[in-house]
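Look at the two complexes coming up: subunit A is in both, with subunit B in one and subunit C in the other.
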Partner chain A sequence: MSTPISPRRLRAMIVKESLQILRDPSTILIAFVLPIVLLLIFGYALNLDTGRTRIGLAQQDGGEAAASLALAYRNSRWFTVVESGAVPALKDDLVAGTLRGIIVIPQDFSRQAIAGKGTIEAITDGSVPNNAAFVATYAEGVRREWALDRAAERGHQPPPPIDLELRNWFNPGSISRHFLVPGAIAIVMTIIGSLLTALVVAREWERGTMEAIMATPLLMGELIATKVLPYYVLGLGAMTVCTVVSLVLFQVPFQGSALALFAIASCYLFCALGQGLMISALARNQFVASQIALLTAFLPSLLLSGFIYEISSAPLWVQMVTRIVPARYLIPSLQTVFLAGDDWGLFLPNMAVMLLFGAGFFAITVRATKRRVA
Partner chain B sequence: MTASAVPCKPPAAEAAGLVKRFGDITALDGVSITVRAGEMTGLVGPDGAGKTTLIRILAGLIDPDAGTTQVLGNPAARLDRRRLGYMPQRFGLYEDLSVIENLTLYADLRDLPPSDRPETFGHLLDFTDLARFQSRLAGQLSGGMKQKLGLACALVSKPDLLLLDEPGVGVDPVSRHELWDMVRTLSGEGVGILWSTAYLDEAERCDTVYLLSEGHLLHAGPPDALTAPLAGRVVEVATPPGQRRQRLATLRASGRVMDAVVHGDRLRLLLKSPPTPDDEALGITAAAPVVPRFEDGFVAALGGSDLGDSQLAAAYRTIPASDAPAIEARGLTKRYGAFVAAQDISFSVPRGQIFGLLGPNGAGKSTTFKMLCGLITPSAGTGAVAGHDLRHARADARQSLGYMAQKFSLYGDLSVAQNLSFFAGIYGLAGAAAHSAMDQVAELFHLTPYLRMNAGMLPLGYRQRLSLACAVMHQPPVLFLDEPTSGVDPLVRREFWNHITGLVEKGVTVLVTTHFMDEAEYCDRISLIYRARQIATGTPAELREKAGGVATMDEAFAALIRNAESDANTDRSEAA
Partner chain C sequence: MNKWQASFTRCWAMIVKEMWAVLRDPRARLILVVPPILQLVLFASAATLEVTNVDIGILDHDNGPAAREFIQQLAGARNIHALVPLASEDDLAHAIDRRRVLCAIVLGPQFSRDAAAHRTATALAICDGRRSNSAQIMGGYLAQIATNTGAALRGLPPDAPGNGGTITRHMFNPNLDFLHFVLPALVATVASISALSVSGQSVARERELGSFDQLMVAPLRLPEILIGKMTPPLLVGLFNATLYLVVITQLFGVPLTGSVFAYYFATLFYLTANIGIGITLSSVAQTQQQAFLGVFLVTVPMSLLSGFSAPVDNMPHWLQIVALADPQMYMVDVMEGLFLKAMPFAAVLANVWPLMAISAVTLTVATLLFRSRME
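Let's look at the complex of A and B:
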């Protein structure tokens, strides 16, 4: 077009958009209240930490070794033990789900233990695989430790098995809240960037204002730019609120720099805003736009970004799918900047990918946003 | 070659041979139009005729499939938008911005220099009488005020071409007249104006009129050119209600009449040729021909209307006579918080009459309707339908009425047959009775060829027919029709009113709302509703009389609104 970009039109549209944001209670609700609610949910209610697990203990042997092992289970910090002499008494509880597993110390355990053998049985609920694996592994761990201690007491020095010492770096306490909260910030930015933007543009179509401003000299590029800027600021604002709340309320550590945080957040917002605008360029009604935004932006960010479910433990094809979820590139960077510190070697490639996604979304948006109502 | 003495100014907008299709639907089929500077050009036609599509093409918002455009010296796709004023159907206002913020936004978008603003804004706010409401949010303005603000936004940098898409629809007649006068002033200043409307009476006042019907141009030229051939062919014949049917049958048999409508206690006839002495046998005298209206021209252009008796009425049961009123409203009031949607509405309709509620959108007609249907609970007052009190017997009251809701309220994704079957079911028809009722209305409303089509895909006129069909299938004694003829062409309107007047002769009682003031003439009595209040109630003739003996309902309503407002002002100043 021959008409040059006009600073006055840009300013007028940005002022208009900002006034609308400030006057629409639902925008403020989505941008500031919803994030805090989400943080509280992820910070308090949703907890992936393992506490104590209830198991049953069927001690069928009265010997010394059996009693000692039973004590080891009772004293374990992983388990709360319900004891009984026989398995059938515990079976119903396992079926009902009040017990996660049953450890059986069989009848001749003490005799065999003297001979340096001795097997126990762990019955687990295979319908809850994670719990089953957890109970089996930890039950074995308790038994092994008990066996080593016992050997040491008797002066034996058995060749120690390869000793694996676990130490979780960057989140020493393994507090899930510490990696969930950065993830929640990603969700908040997705909501503002994609969902809110898609809705406000669709609203202009629904109310007929889009038609009216399209009949003015406003350039389509100007229209897109003036939709992006206010929501970019809003997104950064909500991100800042979330960060402050997580630092103050949840004592999440912040090892990195504010510069890195804002740089990462900006790249992601660029991408999320691009996606929101693309959705609204294709769907001109708020209901459809919100459905598309939920399905293509919000849910993938929640489920396929590594926020809640570890990507590396997903099937290979799901791992492939996650590569087209922009939030997947945000979450490791955010978690790193909070828990580990600035690692530009990790940030830069991720930021580059997010910018690339954003550029793609904007290219589609610009192509689809013609000055046409039908 | 001589230089022409009169410099021939190119038209503000011109289009030739426009064709536009949306899927299978042809919205415009070879339409040409010229909008001249300093003239009011009217674009007239029923809903779905292609008016909006044509305006959007001229505004460069839709590309035609074929045809050429020249708007302000350029093809529409590359027009100079600073010189264009465009007001879309919903005014294009940001409801969460104030009056002055909306104006400022459009001033910025249209590149009005800041130095010109105080003067321009001052002038526009005076012109639209909005100066008092500068800081009010646009969403809190009345319909008429929104419309004026929309116009002010379109005018903010003085345009050379002004495109107005149905600016007066649903707004009260006073506001409509004011808007018309404002725009007329602009055309006097040399602006080219295209005014689109579904109100045929507005067409009569334009300099040039383009009449669209189903994407075709039926007429292009001065409005008189359409009505001139009808001069002397429109007559009115006094006919008491009881003799209408007989009279119409005689007229139809004579083959002399193209169109007949009920006009109070008279029949308004459009004859095929001016009356001759032979016509006196039909009761037609050449003595007092009436001035033909634009609508007469429209009907003549469509080939005349069907004058047959309503087959629906013929097949309908006779509603037993009763002295009790069929519909009664006593002080019905509905408040939503501080907002009063309807205030102290009272009327009583005897069996076998048509009662009309007239008023602009948002005046409280639909609220009154819904209270009488038992769909919303009145804040105060009560009502009864067919003797069933709304407070105690809502379900019985609903069973005895047929309700045709405003706009299309059937299931667009169900076929015509499925919709009929559903409504037969909810009104308690089953088995053979349901089947024969469905077959009957499908036949009567010409819906048989469309039975398998999804209702949402039907042309507008057929959708309205289907809505009415669903409402009358169970032959209720009382019919509630909310804007039944909104947007349809005059032939479908006549068909509807023919059914309605026919049913009334069978003893059916009809409550109808409309914002087409001329339709009031079909009613036995009407109530004018304005800003939640009944400002006048009576027969159409009484109301015209009360308004100072004006000729049309539109003028009567405008005059009565002005009276009501000056009364209100007097009350306020007395109270102060």
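Let's look at the complex of A and C:
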């Protein structure tokens, strides 16, 4: 085709597509209400900062030291002692999941404690490994602090040989919400960009209106541009709403510039929209498109992007798979622009990768569309 | 033919029709089986909150024997992949900014002198707060290494009890293998996604294709239609549950310590609870697109509130109350219990009756909405 791109045609089509979006109230709901709902749930439900853990206490020793240690557990800000009793009964509650750990202060503890020894036992619910590790660490922490306090009371407390002072840059309070909320914005953009686009365009294929449009003198490039632009605007709108909610409601700091955020988001949306269009062009059926989008766009963004789970901890083959997850390149940049500030040396390579992925997706879309119609 | 036989015949016809609607498209057939298995394998491998393989930066202003000892201990640590020597403060800032290292340790010029004089030698660990959770876990490891180094410098064995200690026993999963926790939880997540996807389309597709009107004039009673609508997602769900049971026990080697009967018992009511939600959404939706997005809008919160990604105990109180209505929360507990804890049937039942209650509510709402659509 040698016809040049016509701005008039393009404008008419964009108006048509935009009207189509605006006419369906559910789209607006999805673009603005759904992101807020998701952001609220991510912000409130996904709290990795462990609060108080429910434990049981089996105090088998009646001595003064045992009673004093038991009190230390009851007063600890890490634990809530919900039950005390014999070990077998507490273990049943561990199975039922009402307790996450049991602290056993064994017989003879008080006598041993006077000699400067005294060992306790921590039984944890290993079926939730994170919690189990926490219980083990803090059970010993409470005990050690108690032992040190008692030693100090008696006037001999050896100083620790090495003291390691921990400092968190960008997030001094170490609040998990501060890095999870920017990640949640990435998920929202994936939903608008890939999921919604895949679904809407698959419906056009299913209903045959796509063929009707292709019969018009519209060029392929124009067709794709008109499909993409309204959703790009929608995606940016949702991103802006989410950012405002993060700053106002969740008090996430914003150290970078709006320009950087806009540039990063645009590159990602280009890529996500390309992926959505590609899925719809390949599936051409709403159910299939929805499932593919869920599986290849949404879930990887959630699980394989470093959003919650550290990529370097995964097996090597999974690390390889994460390299083709576009969100993997978005999330570090988003977290940086919110928490650390503008760092173009980090942004630009990631943006380039996202654009490259997007270009690939669009190329596949064009090929798939041409072949199917011909 | 008596009344019941006739009803059964009609019901059967409806079930056959619904099964066809779901399974006719070969790609849809594939979609029902392949992704759930893929999700299980891929996500089971990815979803770990452990922190391993990380790079740690070292800025050593000391170069003394104590610093060397500390670095040696760090280099031998299981969770550390490599130590990156840093030349200056700027170098350190750059390494953290660009995420080359998760944490960087700064050893001041006094470090070895303090250690030799039996004063407390202070080291600084600077971590990337953009990944504060991983950084915190890593901080715990680093503190442990520092303690061990201190003991070694004083000539004590690594974890000398000194004045007592804690013997830890992790029940059900002695090595705290994350996979053993993730796989059972994924049964709940993935089964819910497939049951909701199939039931969510059931009514909306009929309406979009215009066959809903035909269904209304067909000589079928409302319960018969609903049983027909419930059957495909139920069968797909049970099929997937069986597949998971085989894959998890045979391929991943995580045994089912509870009873197989309890596994299917819980799965059955978990699926009906999800199907009730799916048909409700499908009856409200005008189009398949709305139905899908509705399904999506409940799937994500259900999974996040289930306690799989983050403990329910950490959530604000009002959200913990919302989580009580989440079938997935009960199912995650049951699955962890049945796979890892040999959960007795009574404890399973304590989690299944809420599923029965949720099923009763959602299926009633679905029926009412469906009826109102028919009129």
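Just so it is clear, the second predicted complex is superposed on the first by the 344 of 374 C-alpha atoms of A that agree within 3 Å, B and C clash if a C-alpha of one lies under 4 Å from a C-alpha of the other, contacts with A are read in each partner's own complex, and residues count from 1 in each chain.
Definition applied: a residue touches a chain if its C-beta (ideal position, glycine included) is under 8 Å from a C-beta of that chain, and two chains touch if they have at least 3 such contacts.
Everything quoted here is computed from the prediction, not taken from an experiment.
Asker: Using the superposition on chain A described above, determine whether A:Ile213 touches subunit B (first), subunit C (second), both, or neither.
Answerer: first
Asker: Applying the document's definition of touching, compare subunit B and subunit C: which contacts more of subunit A?
Answerer: Of the two chains, more subunit A residues are contacted by C.
Asker: Quick check for you: in the superposed arrangement, does A:Ala12 touch first (subunit B), second (subunit C), both or neither?
Answerer: first
Asker: For A:Ser280, decide between first (touching subunit B), second (touching subunit C), both and neither.
Answerer: Once the two structures are laid over each other on A, A:Ser280 reaches no partner at all.
Asker: Taking the superposition on A as described, I'd like to know which of subunit B and subunit C A:Thr190 touches: first, second, both or neither.
Answerer: neither
Asker: Which partner chains sit in contact with A:Asn350 here, subunit B, subunit C, both or neither? Use first/second/both/neither.
Answerer: Neither subunit B nor subunit C is touched by A:Asn350.
Asker: So, A:Thr336: does it touch subunit B (first), subunit C (second), both, or neither?
Answerer: Touch status of A:Thr336: second partner only.
Asker: Taking the complex as given, what residues does subunit B use to touch subunit A?
Answerer: It comes out as residues 22, 53, 56, 59-63, 81-82, 84, 86-97, 101, 104-106, 108-111, 153.
Asker: Spell out the residues on subunit A that touch subunit B in their complex, using ranges where they run on.
Answerer: Interface residues on subunit A, with respect to subunit B: 6, 8-9, 11-13, 15-16, 19-20, 23-24, 207-209, 211-218, 371-374.
Asker: Over in the complex, which subunit C residues touch subunit A? Could you list them?
Answerer: Listed in rising order, the residues are 25, 27-28, 31, 35, 38-39, 42-43, 45-54, 66, 70, 81, 96-99, 105, 115, 118-136, 139-140, 142-143, 146-147, 149-151, 153-154, 161-174, 176-178, 180-181, 184, 193, 197, 201, 205, 286-290, 292-293, 296-297, 300-301, 304-305, 309-311, 313-316, 319, 333, 336-337, 340-344, 347, 350.
Asker: What residues on subunit A touch subunit C, complex-wise?
Answerer: 26, 30, 34, 37-38, 41-42, 44-54, 91, 94-97, 112-113, 116-133, 136-137, 139-140, 143, 147, 151, 159-172, 174-176, 178-179, 191, 195-196, 199-200, 203, 283, 285-288, 290-292, 294-295, 298-299, 303-304, 306, 308-310, 312-315, 317-318, 321-322, 332, 335-336, 339-340, 343, 345-346
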